[in-house]
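One structure is given below, represented as structure tokens, and several questions about it will come after.
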Amino acid sequence: MDSLGLYVLAAAVLFGVGVYGLIVSEHLMRKLFAINIMGNAIFILLVAASGPVEGAPDPVPQALVLTGIVIAVSATAFALALMVRLYQETGQATLSSRDEGDDG
Amino acid sequence: MTAEALALIVFLPLLAACAAVAFPGRWLGWIVRIGLLPLPVLMLAPTLAVLDQNVIHLALAGHASPLGIEWRLDPLSLLMLWLNVGITVLISLHAGVSFRPDSDRGQRFWPLWLILFASMNALVLSADLFNLYVTLELVTLAAIGLIAVESKPAALRAGMRYLLLALMASLLYLLGVGLIYGQTGTLDLYLIAEQIEPGWLPVTAMALMIVGLLIKSAVFPLHAWLPAAHGNAPGPVSAILSAMVVKVSIYMIWRLWFWGAAGWDLATAANLMGLLGAAAIVYGSLAALVQDRLKMIVAYSTVAQLGYLMLLFPLASTLAFQAASYHLLSHGLAKAAMFLAAANILSSVGTDRLQRLAGVDQRRPLDVFALALGGVSILGLPPSGGFVAKWLFLEAAWHQQAWGWLVLVAAGGLLAAAYLFRVLGVICLHPRKRLNRRQHREIPNLASVAALILAVSAIAAGFFSAPVLSLISAGLPPGVTP
Amino acid sequence: MTTEPTKPAAGSFRTGLSWFAQAFLVLTLIWIALNGLSGFWAGLAAASAGAAVGTYFARGQTYPWRPLKWLAFIAFFIIESIRGGVDVAARAMGPTVRIDPVFESHSIAIPPGLPTILLTSFISLLPGTLSVRLREHDHELIVHALTPGSMASVTRLERALAWMFNVERADG
Amino acid sequence: MVDLALPGIALFLLLNLLAGMLRVYRGPTLADRMLAALLFSTTTVAVLLILAEWMEQPALRNVALLFVMLASIISLAFVGLPGREDLEDGEQ
Amino acid sequence: MMAFLLYWTPLALVLVSAFAGAVIFVAGERRWLLRTILNLAAAVIKLLLVILIGILVLNGHTPEFRVALVPNLDLVLRADALSLLFASLSAVLWMVTTVYAIAYLERSPNRARFFGFFSLCVAATMGISLAGNLLTFFIFYELLTLTTWPLVVHTGTAAAIRSGRTYLRYTLSGGVLFLIGLIWLYGLAGPQDFIAGGTLAEYGVDARFSLQVIFVLMTIGMGVKAALVPLHGWLPEAMVAPAPVSALLHAVAVVKAGAFGLVRLVEDVFGPQLVADLGLDLPLLLAAAVTILYGSFQALRQVDLKKRLAFSTVSQVSYIILGIAIGGPIATTGGIVHLVHQGLMKIILFFCAGIFGNLLGIKYIHQLDGVGRRMPWTSACFTVGALGMIGLPPVAGFISKWYLGAGAVAVDRAWVVGVLVASTILNASYFLPVIKRIWLNPPPDKWPSEVQVSRIEAASLVGPAIAAAGLALGVGLFAGHPLSPLNWVAGIVTGYFP
Amino acid sequence: MIGFLLDGLIAAGLVGLAYQAVTSRSLFRGIIHFVVFGLTMALAWARVGAPDLAMAEAAIGAGLTGALMLVAYRRLVEDRRDAPVDPGPAKSRLALPIAIGSGLLVGVIGLSALFSDVEPGQAGQAVLADLQQVDLGNPITGVLLLYRGIDTLLEVAVLLTAFLAARALAGSESGTGSPTTQGPETPMVGALLAVVIPLTVLVSVHLLRAGSYEPGGAFQAGAVLAGAGVLLILSGRIAAAETAGLLVRMGLLAGLVSFILIGLTPLLHGGPLLALPGLWAVYFIETAMMVSIAITLVLLFAGGGGLKRGKHG
Amino acid sequence: MTPTDLITLSLLLAGCGFYLAGTVGLLRFPDVFCRLHALTKADNLGLFLVCSGLAVHSGDWRIVSLLLLIWLVGLLAATVSAHLIARHAHEHEADAPEEENELR
């Protein structure tokens, strides 16, 4: 096993941790952590699991992950804004819904 | 011509969105018009080209796949494109009233709307797995922004739930994409079919992608986010969400399944998908039956109707393809109409709780009419687009001796009838109850007219199916039995 | 390219210009350090952009250049900060923690602006002292000392700064 | 020789960092937890510089530069927080 | 010009009332005059169109409108002789019903909605009558379900909503079975137009089971509307609808559509020969017989006038099915002609019941005492209708029964005559007491709730009833005329039994 | 061997930090752990041989994410009502099995993908082969702009969309709190800014330029620049405004619009869509994108529709 | 081993030592202010030594200047951060005994 395998393993565990956090956490920010962690796990896999090209690492997965990171950041920032807004409106930063059937 | 037209179809709305951000205020209305109205005209060139050549490849930046990204326009994507353009333009009529461009709301709404539109066009065209991921994210973010645009608590909560699930779904999809790339070294949807044999890794990759997309398309039992999101969003947004946004994910599943995994033996999985669809039909309809808010009923109806699209997997024949595609179309039109009508009723009465809508047909006859017409198509009663789809489904099921699916499709309409007639009954049939006049708010007629046009198109779709269906049958995936 | 940030001084155009010029010079040097002479024009553009942004948002006063004094001060400072590091390392690694923390108040004798700032930030690197907060319009500094005797180094630093900036300490 | 020692030093620094992270658990105050973040940025910079030397990836020096430039952001953001630890809200 | 007429007249016949309905919707509640004019004009135009088509058909043309709905599946509107029979019945009865309904609903709310759907309903009925293949028939059949639902629930009372729900449950489920059968049939044999004598006649016996199942599915699908026992449950409940609706439902639209569909199914799709070969005629015959007897028994038990009429319908409509199930040209003629005869007679009865209910508040049979003196014209019409139902000459009903009986004997099913006799006795025993009450019993001091109406209004209520009664007598008396329904049907039937 | 240990330590650190981030007792600790997790990711990327990603992660993780989280956290605690901010973990018996299951799944997938006879990436090979003809040293920049330009274009659109969506949320009444965290003014912050701000601008241009031949590029540069903006906001030099001024709007859109317009121009003379007409276009678009990315991120952080000079500016 | 290597190694090792000291101080010192002492002084010295060691090792003037720049900026960031954290702690926590905080 080489270092890449190590990182792949780490990615697997990270993914598990992310899933665990997503299920267990009530607070939205933690859910976001969890999702980001899952995302990072997948990014690692993406880079690690694609073989090298002519000795150098394959640039395509890296470019993909770079795009993925930007998207993750965008989504996280928006999610945080949404969470804050939700908190301002309802006093809750969780999804334990009390009044789902609001008049739309 | 085609390349130019396609480029504009994607980028004109995007540029208009930019312009809408750059010049809010007086010009916004015109910017939106420029961004939307030329699109139906622009669609002509690609349409002619597809009729002529059937499939058009467009290597972006001149680099064909696997090096670059390709756009690929075939009959199915052409249908999706038309559907998106048509429905968006029609809903925009409504949105032009409910989100007036010169208002503050409008300035927040329109850029996102245009981006959503452009991104769906880009998604439909794209033939690259990762590019699809990016467009899908764009669709999702724009859609959630639109859901939450009025910042009502329920909508915020629904948007948040949707966002979390959508992010998770995208991750699953992305994982699949990564695996596929690792296995094949290419990301082109149509190249991977040639590259991989169905070993367990490719199958897992495909499964991951499909599960992710199933979440995004809210197929039972992954539907939990949909009713709240669609039921609490502003009217035009609910309409486009139900009519298009969930559909594009299903469209992607079709692409993966029938093109990407062409030639795999997926019978068991296909039956599983079909069962999911069946469960969605039954569950969605039953859930719609017990809702007490109009928009929630319509939203659950979407959950149910999405189930029909899943029946394509077990049936997988030309007829089934035509059926599912036509269902896509007719449901899109009908559901958009119903959501718009429901939104008009909601904003007119101030609530959409069913008990308080008795007699609203006096006040908003056009909306109720649109609702009813849309409902007819949803029920699959003739003569409507929904009926054509249902008929084709039945025929497809018959030809494969798939009696279970046949009965399901046939009986599905009954379930839909149960909740739709409940709505109509409550709305129209309380002679002595009158609406409280004070709460009544006038809405411009254009809003109702938009709903009505959509509803009438859903019905009219029952009469003009021949060209569409022959188009679809010209673009069948490789693996489908005729 | 250091600053007195509370408010831009009056006659700000000239100070601004000179601040800009200094920042520009330093940034150009840094660019050369990063890239060598390749992309020099881009470097010039970057340096001027950086200097402009800095001038716009974070400008302070400028001080005349006295390279020799600065060098001498840097030597002093490096020695002192090594002493500081060794001191705290010794205390941390020792068999018992020989500290007796105390808050001290130090009234600043050098003028506000860059001298005060340097004082405040360097105090944290000196043996046994940590600047905690400025008070009384930046004239009083609360210092956290590991041992009561540590305040001597503060006075030494202040004297060095006064020497470097050619200012008289207020308390003579 | 040095090239052999470099990863060892990086490893040592990381272990060191790991030990420092204990402070985050121990707390007890918000500020204590921030200290760990601070420690983290200084240590990581060193690790990155060493890695740059060892792996012959000069770009990592740029990464290190980013670290030090942007490290203060978190401190600044932290300073804006209302200070009392009772804002830590884990337990009821 | 001729080609144009031949192509477009069937569509025009359907669209006339659809268009009228749409305009009525748009015009809204308050445009009474426009609505009335539209209603009447559409009815007249429709009648004229039917006459036009009749002339065309008599001259040996077959007007046909055809458009592809789905590739290989056409929507066909074609006026053959049988279509024309049903279409003219509908057109005539719609005409009188419209007049009646305008007066009947004079003061009730939601008239725009009512007349809008009323018109659409007629459009659907026209579509059914002109349908040139099963798909088209199905489309309009479902459309009919849809457009009659608002009429059934029109009053909006809890009972109405309940009955509306029952109605939907029955008809939509029936529609689903129909649809499955239809798909099956199309899968098996491909889409084919109606042909006299049966499109499937040449179909081999190897798909015997499939064909049997298809026949059963479709019979159930249509039997729901035709109120075959045990699928009749919705019909008595639907009596909560306003009288014109009941009249229309029972005499023309819904029930008749079901029966008409069965005629099409047996004669034009399967063909009588194939039905017999498949051994399906006897079960159908039994179902019809049971329905006739059961309906009559139930009618006997009802004290509510409209309910009694409803069960009477259940029983009478099955004569049609009985006729086609017996087989042979004579009985078939009797059955099909009963389509017309029953329509005319039943509409009289419902008109009259509506008048009694509307003007005097009479709901139950015992309240009819002496009404003959209060309302002699109406009562006379009622009597004509009732006697016709019993089968007394010279009213039209006699002719049907005669042909049925003769036909049954002709194909060696004499036991059916027994059914007919029993049914006649039952008919007599639930109608004669009513007639006796009307004419012989003394009137009460006070009617349940009497309403004063203007002369015009009264005339437009009673007029249609009289007209219908006249027609019912006329077709009975002039059954020998070459253009009478009887001869018309006889002409049609020769196509089935070459 | 030592390298392996190093990697092991980093990997273990990642896992531990992640676990702490989602389960630690208080939300604040979770945030700290998450930020540190991001920084460790940068190390991991460096080790995996992806310095571009390390740089991106550093720029984002070191500055933006942490600041975003902390500011959001501050808004939560400031606006605190009766309900506790963090209700703590939910009890779920299924969580652990599901998590372990999915972790195992991903592990098995990942390892078998790693050890299966992986096809050398066709796309990657094609990129490396094709890049020889172009004077662009960094293949990743090549992929991002030349070969998969639409991805990048849409990625900028995603960023813009996130901002627009967040702005749409802000509503008219709630655009109050600019996340200026500076309490009483201290000259130290001024000193910091005076050094860091010009330097970040310089470094971002450096990274941008470097992007064409070594790790770096528009996103990294934009993120660094955004870091400068965040610093300025935190120190009160810039504040959130209700609406954006013309300059901000232009900057916001520059990347997307210039990419689209330049991408459309080849169509005028029959060229393929999005084929950039030369390296100048790459540089131009990258510069515009850097500005756009920076401004978008700053606006997202500021939580308003625009920027204005703050009270400490 | 060349003399350059020797210098490099010893500088690096010394740097490690100071890092270690910083961490030990961080763990051992009683309150946040004392810990800040350890962190700022020891770690910055450590960074300085590591940088110098690497500078000696590489010998390229551009790398040296980059290292110098990194160190200077790090120094500034560290002192400012330390100051800010100290001030924050001083403002907010002087009145709140720490042991209570731990449990809250």
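Going by the order they are written in, the chains are A, B, C, D, E, F and G; count residues from 1 in each one.
Note that a contact is a pair of C-beta atoms (placed from the backbone, for glycine too) under 8 Å apart; a residue touches a chain by one contact, two chains touch by 3 or more.
Predicted model only: the values in this text are computed from it and were never measured.
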Please report the minimal path length, in steps, between subunit A and subunit G on the chain touch graph.
2
Note: chains that touch subunit A and subunit E both are B
Separation of subunit B from subunit D in touching-chain steps, minimised, is 2
Going by C-alpha centroids, which chain is farthest from subunit D? Tell me that one.
E
Contact-count maximum falls on chain pair A-F
Centroid from C-alpha atoms only, then distance subunit A to subunit F, rounded to Å. What do you get?
13
Cα-centroid distance, subunit B relative to subunit C, in whole angstrom
61
Please tell me the distance, in whole Å, between the geometric centres of subunit F and subunit G computed from their C-alpha atoms.
27
Need the CA-centroid distance for the pair subunit C / subunit G, whole Å please.
17
Shared-interface residues of subunit F (touching two or more other chains) are 3, 10, 27, 47, 52, 64, 73, 85-86, 88, 106, 109, 113, 118-121, 123-125, 127, 148, 151, 155, 158, 161-162, 165-166, 169, 171, 174, 183, 186, 188-189, 191-192, 195-196, 199-200, 203, 206
Among all residues of subunit D, which ones touch two or more of the remaining chains?
30, 34, 36, 41, 58, 65, 69, 71-72, 76, 78-79, 81-82, 88, 91
Mind pulling the residue numbers of subunit C that touch at least two other chains?
30, 34, 120-121, 133
In contact (per the touch rule at the top): chain pairs
A-B, A-F, B-E, B-F, C-F, C-G, D-F, D-G, F-G
Residue positions on subunit E within touch of subunit B in the complex are 25, 28-29, 67-71, 73, 75, 109-110, 113, 138-140, 142-143, 145-146, 149-150, 153, 155-157, 160-161, 164-165, 168, 172-173, 175-176, 179-180, 183-184, 186-187
List the residues on subunit B that touch subunit E in their complex, please.
361-362, 365, 369, 376, 381-383, 387-388, 390-392, 394-395, 397-399, 406-407, 410-411, 413-414, 417, 421, 425, 428-431, 462-463, 465-466, 469-470
If you look only at subunit D, which of its residues touch subunit F in the complex?
4, 7-8, 10-11, 14-15, 18, 21, 24, 30, 33-34, 36-37, 40-41, 44, 47-48, 51, 55, 57-60, 62-63, 65-67, 69-74, 76-82, 87-92
Under the definition above, what is the set of subunit G residues touching subunit D in their complex?
1, 5, 8-9, 12-13, 15-16, 19-20, 22-23, 26-27, 32, 35-36, 39, 43-44, 46-47, 50-51, 54, 57-58, 63, 66-67, 69-70, 73-74, 77-78, 80-82, 84-89, 91-93, 96, 98-99, 101-104
Which residues, counting only subunit A, touch subunit F once they are in their complex?
2-21, 23-27, 29-30, 33-34, 36-37, 40-41, 43-45, 47-54, 56-67, 69-71, 73-78, 80-85, 87-88, 91-94, 96
